[in-house]
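Heads up, the next two complexes both have chain A, just with different partners, chain B and then chain C.
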Partner chain A sequence: MQRIFIKGIKGGIGSTSVVANLACALRKSNVDVIAIDLDAKSDLGLHFGLKWTTTKGWSNADSFEEALTHFYKDSDGVIFLPFGDKNANLNDIKTIVENCTKLDCKLGTWMLFDCPSHIDISELALETKDILIELVTCDAICHSLIYKRLQMLQNVESNWNHFFLVNRYNAASVLEFDIYSLWQSTLPFIAPFFINLDEVIKESTAHRNVALNCAPYSVANDDFETLAGWLVSKVAF
Partner chain B sequence: MNNLIVKNSQTLTSNDIENLAKRFGGKSNDYIEIVNTQKNKQTINKYALLKEIDNALKSLSN
Partner chain C sequence: MSFSLLYKHPIHSVFYILLSILFTDKLVRYIFLKFYSYFNQHKVNVIEAFTMPFITLFSSLFIDIKNNKTNFELALKNYYPHLMLPYRSYIYTNIIRFFIQSIFLLFYANKPKSNSKLISKNIAHIFYNGASYCLSQLRWFDLKLGKLLKRLLSKNRKRTEKSALKTMVNARVWQNKPIKYIIISFILFLLAVFITIPFSLEAQAVFISLILLVAYALKRVKGQLATIIMITLSVTTSSRYLWWRYTETLNWDDPLALFLGAGLLLAESYAWLVLILGFFQTINPLERKPAPLPKNTDSWPTVDVYIPTYNEPLSVVKTTTLAALSIDWPADKLNIYILDDGKRPEFAEFAKQAGAGYLTRPDNNHAKAGNLNSAMCHTDGEYIAIFDCDHVPARSFLQMTMGQFLKDSKVCLVQTPHHFFSADPFERNLNNHSKIPNENMLFYGLIQDGNDMWDATFFCGSCAVLKRQALNDIGGFAFETVTEDAHTALRMQRAGYKTTYINIPQAAGLATDSLSAHVGQRIRWARGMAQIFRLDNPLFGKGLNIPQRLCYLNAMLHFLSGIPRIVFLTAPLALIYFNAYIIYAPFLAIFIYVVPTLIQVKTTNSRIQGKYRYSFWGEVYESVLAWYILKPTTVALFNPKKGKFNVTEKGGLNNKEHYDWAISKPYLVLLLINLIGMLVGILRLLFGDPSQLGVLLISMAWAIYNIIILGAAVAVAAEARQVRHSHRIKANFPAAIRLKNGHTLKVKITDYSDNGVGVETEHTHLCNVNDKIELLMSRGNKQFSFLTYVCNTRDKQIGLTIKDLSLEKQRAFIQCTFSRADAWLDWQNNFRHDRPSYSFKEVQKTSLRGFNNLLFHAPRVLQPIIKFMTNLIIYINSFIPKRPIVHNIYD
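And then the complex of A and B:
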């Protein structure tokens, strides 16, 4: 099993959309994909067509056996677990991550975690094989946060694979071009591509779906296929 | 008859840089790296917050 943790370096960067779209892009290769919502907003399920009135998830369960009853499968075959509507602290999140890792999965299964931006990643007990993707947007605040993160990474024993990935890149913006060019030539751990800003993401979410199903020939879908392929190559090496 | 050896452009190519480096020594970066470093400096100087972060990082590393 390959664990991928996806979080925004700050709130509102679009980690849930990335998890949902990536899950479907990976699923296209006929591998098992499990997406776990660790964010209290509990909106990952909406991308997979879960009913708005379904509010329960793992946070409502008293035990992991009970949490298993909250797993769903979408029309593409992606298995997902909503967060629910109960409060959960860092320990609860750590426990659900550990329990999900113990699931009896097929070899080659991808497990994607949609992490809230405020979570302390060093608390999650990530392993050498794990990949953490921190989403950023091309702006000065993210530039500041990236350098703070790099300083933090110097001070913790981080053995996981850490990457920064630009989401919602606006090719028409001079500022974004300047910052992206700077990052590409100076920043360690920056992914060698970006996810373009594309209206398709919002539109497909409005249709309770993902870009792959709503606009298979869109730039957005191309970007998620690139991301999926890049992750496959990272795992292979 | 045109003299094909004469170069009219003032822009240095990677070959020019390499030739200069061979003549005068001290080549440690390739052409792309030199251009990138210049571009990055310009970008950092263009935006106040980026410049402040860059200065802070430099003073931390010293």
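And then the complex of A and C:
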């Protein structure tokens, strides 16, 4: 089993849509994918066509056996687990991550965790094999947050694979272009590509679907395929 | 029938009454119906209209008109397809046509009638089927035999190559010098015997057919050894031919024939020499690969890039400079300089903005060479890269080339091919851009690689890197001749340096934009080469080895092709006009010596040059230039100091299609005497001495070939329109566009120029003209965004224009397009190997086009005559009987 943790360096960076699209892209290349929503907003399901009236998720369950009843499967075959509408503390999240890891699933299954931005990663007991992708946008706030994070990573014993991935990149903006160029030349752990700003990602949620299914000819399609392929190659080595 | 009607239409009524007496009411009504229809609708005159119904009625007594009417019309249409419509307008001529066609039909229809129709059809069927079957069998046989031979020979050859060749190369015998020389001299002796021994006609026939048989067997066999065998065979046959010509075919009794024959013989000797030297030059092309650079960039040398310019517009120089600034090389070790002999302030301004150096000099002595020399005093890079201001370098240029210098300290020059993204005048005017390899292709694809093998790569003035040390040793760029480049390379080679060539296009530029400019450029090269030969003769001077001398000799001879080419284009006329036997031999001997030798040489050349020059096109290119390089080379040979450097103009527009009469004058004259010669030849065939039939026919066949080549040469002079200010370059790489509504689509870039891009979307798009669109292109891992406007749209295509980019953005745009490392890589791979028959067909087509152009562009004064002549021909043609139309034989 391969675990991928995806979180925004701050809120509102679009991590949930990245998880949904990545799950879809992986599924399309015949990888079994389980996506687990760890964010109290519980909006991952909306990307997979779950109705907003379905509010229950793992946080509502008292035991993991009960949580098992809350798994869904979307039309592409992505299995996902919504958060639910109850509060959950860090311990609950840790438990569900551990329990999901123990799930008896097929060999080569990928598990994507949509983590909330405020969570402390070092608490999650990541292993060497795990990949953590921290999404950033090219602005000054993220710039300072990234350097804060790098400092933190130096202090903590971090053995997982940590990457920064630029989301919603717009080369037309001079500031974004400059910041990204700076990162490319100075920042360690930055992914060698980025997700382009694309209206289609927003629009696809209005169709209760992912961009991959809504606009196969858009750049978003290529970007997520690149991301999926890159991850697969990272895992292979 | 009332009285009032009678009053109203008296004539009608009277006739009606009269007819009623004779015919039934139905027939009377029929007659009137027909009359009115003929008279009113078909505008037939009264008498005819009135008599027609009666004729019909009368004939209906004998024929079943009702059933046969459509048949009759059909038959008329089928059997007299060329009767002009409407029939009545051409009544008299149509009668003649009808008459001729009827006679023709009488015989034509009689033929199948004499036999039973079915049998004759069957016979024809069997005959045609049989013929095509035989042909296909023959082709199949040829294919199978070729493959079989290939298998056999390749197998054998492989084994021999592995065992025999290797043992041969490694054998101790070679270390023993006397034995080596003995073997070589024995081979040479054998060759000499084969070349010089006089054969009887029969023996020659056997000998030559043996050689052709071997050549045929090698047709499909790939590999160097087979090529070398082919070359040996060609050398043998052509030398033997020439020997025969010198010893047996000069007519000493007829001074005129002797004079003309000697001329032809000299031209042939020239062709033979060029052929042999060409074989030598390209026997084993080196195909050098780029050498790797050390990992540590600190040890990379410093490079100055010179962009000399004189009168070219800023837009041209801008692209090149920005691309040069983007070459991948440590920034502190790369300096770009614009060497402006035009001394224009706007260039200085631009250079300052862009971060390039700007150098001028007080005088303009010695043109380009002087410009480069003066720049060398102001800069201090260890190496100097030179780009003509219209050659846009790719970012990988230095990394591809510099390795050679580091590998071998004796290397003083690395040359890369000149690639042109616009069509040169030949390609444009003949409309065969990227269909037929162009004139340059042979030189940069094959000859330079061959030269490299012999350490004799020429410097071509641009797209090259030179070593400052070497230049200093020879006192800077040579300025004594108008081709400073070749002369500089020659001097460096004399000084013991090595020159190298890498056949990977690393820069691209504009081709000359008109035929006259192209010819002007070639004249300069020709004059320059001739000057070098007078001032600094590579054949006898110091410091070169023999192969280098031979390569230079061949390059020089190439530019002397003017006189021999014209001799070849007029030679067959000697016999036709003057009855001068320039090849004094019986018809059969000429046939047996000339034709197989030509076949052998042509197939060998096609084998060697196939990918870079198609058969027969060399003759076309040469014929165009022949007249123009004749004078400058001759003048330069006698007086090398004469003539000055002329700048080749590029990047212009031809906004009107026109015919360059001035430049095609010599070919028109040649064409005219050839055409008249053909007429004379036909007359002589009909009324002349029958014993001369064979020789006359051979001469005429040759003249026809010349006419075809000249037709193609004439076709080049019809200047096609060139409307775009900047050339679109074909491309194929991914990019993205972001529409106004935020949608970001992936697209493919199909073409680009310095102010526009053509893209293709995967899906039908919804863009309109004048929409603002963001174009996203990547270079390495950097993405750049460019604001563009939609200028045209089609289903999946969008044309984008780029306006008012800042200098920084312009540089980014050039980095994403022109200076891509892979931009020009597929250059030589687009052409398949030469097939002589196909190639000849193309030449023929071009030639026809040339004649067509000639008529179309003829001067005003001649237009009416040409119009009259064409009409006359069409008119006469309309009388010639035509085959009846047969719709379907099998019905």
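Criterion: the second predicted complex is superposed on the first by the 237 of 237 C-alpha atoms of A that agree within 3 Å, B and C clash if a C-alpha of one lies under 4 Å from a C-alpha of the other, contacts with A are read in each partner's own complex, and residues count from 1 in each chain.
One rule holds for everything that comes next: contacts are C-beta pairs under 8 Å (C-beta built on N, C-alpha and C of every residue); 3 or more make two chains touch, one makes a residue touch a chain.
Every value quoted in this text rests on a predicted model; they were computed, and no experiment measured them.
Asker: Aligned on chain A, chain B and chain C: do they clash or fit?
Answerer: clash
Asker: By the touch definition at the top of the document, which applies to A:181: first (chain B), second (chain C), both, or neither?
Answerer: After superposing on A, A:181 lies in contact with both chain B and chain C.
Asker: Per the overlay, which chain contacts more chain A residues, chain B or chain C?
Answerer: Touching more of chain A: C.
Asker: Does chain B (first) or chain C (second) touch A:197, or do both, or does neither?
Answerer: So A:197 only meets chain C here.
Asker: Touch check for A:52: first (chain B), second (chain C), both, or neither?
Answerer: neither
Asker: Identify the partner contact of A:144: answer first if only chain B is touched, second if only chain C is, both if each is, neither if none is.
Answerer: A:144: touches chain B, not chain C.
Asker: Between 7-15, 313-321, 331-339 or 457-465, which run of chain C pushes into chain B after the superposition?
Answerer: 331-339
Asker: Quick check on the output: what are the common chain A residues between the chain B footprint and the chain C footprint?
Answerer: 181.
Asker: Enumerate the contact residues on chain A facing chain B in the complex.
Answerer: Touching chain B: residues 140, 143-144, 147, 175, 178-179, 181-182, 185-186 of chain A.
Asker: Can you list the residues on chain C that touch chain A in the complex?
Answerer: For this pair, the touching residues of chain C are 736, 738, 741-746, 761-763, 774, 776, 781-785, 787.
Asker: Which of the residues in chain A come into contact with chain C in the complex?
Answerer: 169-172, 177, 181, 184, 192-194, 196-200, 202, 215, 217-222
Asker: Which residues of chain B touch chain A once you look at their complex with the stated criterion?
Answerer: 36, 39-40, 43-44, 46-47, 49-50, 53, 57
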